[in-house]
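Have a look at the structure that comes next, please.
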Amino acid sequence: MSRSNVYHTRVAFSDCDPAQIVFYGNYFKWFDTACFEFFWSCGVPAWRELNESRGIIGAPLVNAAAKFMNSATYGDHIAVETTITEWRGKSFVMRHVIRRGDTVLVEGEETRIFAIKDPDHPERIKAIPIPPDIRASCE
Amino acid sequence: MSRSNVYHTRVAFSDCDPAQIVFYGNYFKWFDTACFEFFWSCGVPAWRELNESRGIIGAPLVNAAAKFMNSATYGDHIAVETTITEWRGKSFVMRHVIRRGDTVLVEGEETRIFAIKDPDHPERIKAIPIPPDIRASCE
Amino acid sequence: MSRSNVYHTRVAFSDCDPAQIVFYGNYFKWFDTACFEFFWSCGVPAWRELNESRGIIGAPLVNAAAKFMNSATYGDHIAVETTITEWRGKSFVMRHVIRRGDTVLVEGEETRIFAIKDPDHPERIKAIPIPPDIRASCE
Amino acid sequence: MSRSNVYHTRVAFSDCDPAQIVFYGNYFKWFDTACFEFFWSCGVPAWRELNESRGIIGAPLVNAAAKFMNSATYGDHIAVETTITEWRGKSFVMRHVIRRGDTVLVEGEETRIFAIKDPDHPERIKAIPIPPDIRASCE
């Protein structure tokens, strides 16, 4: 059985838009924070430490998708449950489910890579093979 | 041939994250702004006017997905090209392509509805059939 | 002695900018959330309820200021301590102190009003005298 | 007479909050972007280039203040006029005025430093004396 982590937050007024509901881009912000909280919960060092020690700038996105099932508004307590559902050679898939109580609000999936600065094009980033020690920490 | 609109913006310092590249949630923010600019370009009134005149609070998301192909950083000039690729009974599909010059950075798709406050549950929203006049303005 | 409330949050990766530190605009976002948490802690209803029952759209800003003393980065646990330091006829002054452990990061002050839609200019907002019941809840 | 620069933007739906007006933290985001646009207009290299060539990570804030005079909403075209009103030994003062047409919406002031990573505490930043060449470019 794979690890999971739950990130809790409360919807702020500034997270909501003139339709009185969470602005949808913020769900991806919470996915991203939940991704970090997942790695932290597995004992993986913060990106800045991985950057200093190994040149890994973080885990940028290859693709992301979400399905919006119920809206939320400010004051709501929400929980983001995160698991890694697949490890590939140079990427991995994260699944996030956002709930308010028992109600599922959003389900989403992110495909991410571990990236370093591209040595040939310092303005670009480049995927590296999944570091086995990071994978082992998360399983 | 369907209408398209191009929304231009410049990446700000605050749009970027500690990896020095655009924080990915911001691409969805730009999709959303490009959606509005698309409707404005078609002569559809702003949501607040549709809300006052017809109770339509806006065009919330059913689902959204993006594929991240190249990164961008602050100072970059980017352009979001938006088209509606499909009209369904109660939803429509928008396609966005974000470019910096000729380089495609991100491709994405949003499925949206037109929503009103649910008369039975004022805290919720409810899809209505696509208003024919709005559809006609966009074709 | 006046009431105070402490709002706790953890700095997210997406709260930080390419200088690896919190983007300064986010401190004002946290001031705003701390303002809401303060009123909630005093039993004042959420803005949407005040809007429905009394037409009060919220507590918009007249001015805001902050002094930045130490930087913070993602992963840091921070606490925002909020008090109301002055009640005037149509405005009030909120003071926020943001700390990480014992280190003060930011001190700030907001002057806010309680606002309704201006009956003469529905696109504008208008200050009302401080509602005595709201003030009483906060003292 | 000192230089000034005007940064133009259009208020997005996602810049606004449930009160239907710009969330106030976003004015500081625009101050920050206007700050960068000001330096770019003076020929000062982007922070990432100053970082690589001289270790200057950017121009973080010492303090910031704003006075909110009129609200704005999505679709509004706004212009931020930026000047440097004072140079001190290790800091400088920027003034921003945000207008919609002839209407002043917000006036603000930022005190900033030029910062490097603190050699003694790599997690911290440290002010340096104002680089004379940068100052000369801006006058």
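Labels for the chains are A, B, C and D, by order of writing; each one numbers its residues from 1.
Definition applied: contacts are C-beta pairs under 8 Å (C-beta built on N, C-alpha and C of every residue); 3 or more make two chains touch, one makes a residue touch a chain.
Values in this document were obtained by computation on a predicted structure and should not be read as measured data.
Set against one another, B-D and A-D show the most C-beta pairs in contact at B-D. The mean-CA centres of chain C and chain D are about 22 angstrom from one another, to the nearest whole unit. Annotation: 28 Å between the Cα-based centres of chain B and chain D. Distance from the chain A centre to the chain D centre is 30 Å, each centre being the mean of its Cα atoms. Shared interface positions of chain B, defined as residues touching 2 or more other chains, are 13-14, 17-18, 20, 23, 25, 29, 32, 47-48, 58, 73-74.
Arrangement of the chains shown, judged by which pairs touch: all-to-all, with no pair of chains left without contact. Against chain B, in their complex, chain D makes its touches with residues 12-14, 20, 29, 32-33, 36, 40, 46-48, 58, 73-75. On the side of chain B, the complex with chain C involves touching residues 13-14, 16-18, 20, 23, 25, 73-74.
Partner chain A is touched in their complex by these residues of chain B: 17-21, 23-26, 28-29, 32, 47-48, 57-58, 60-68, 70-71, 73, 115, 123-125.
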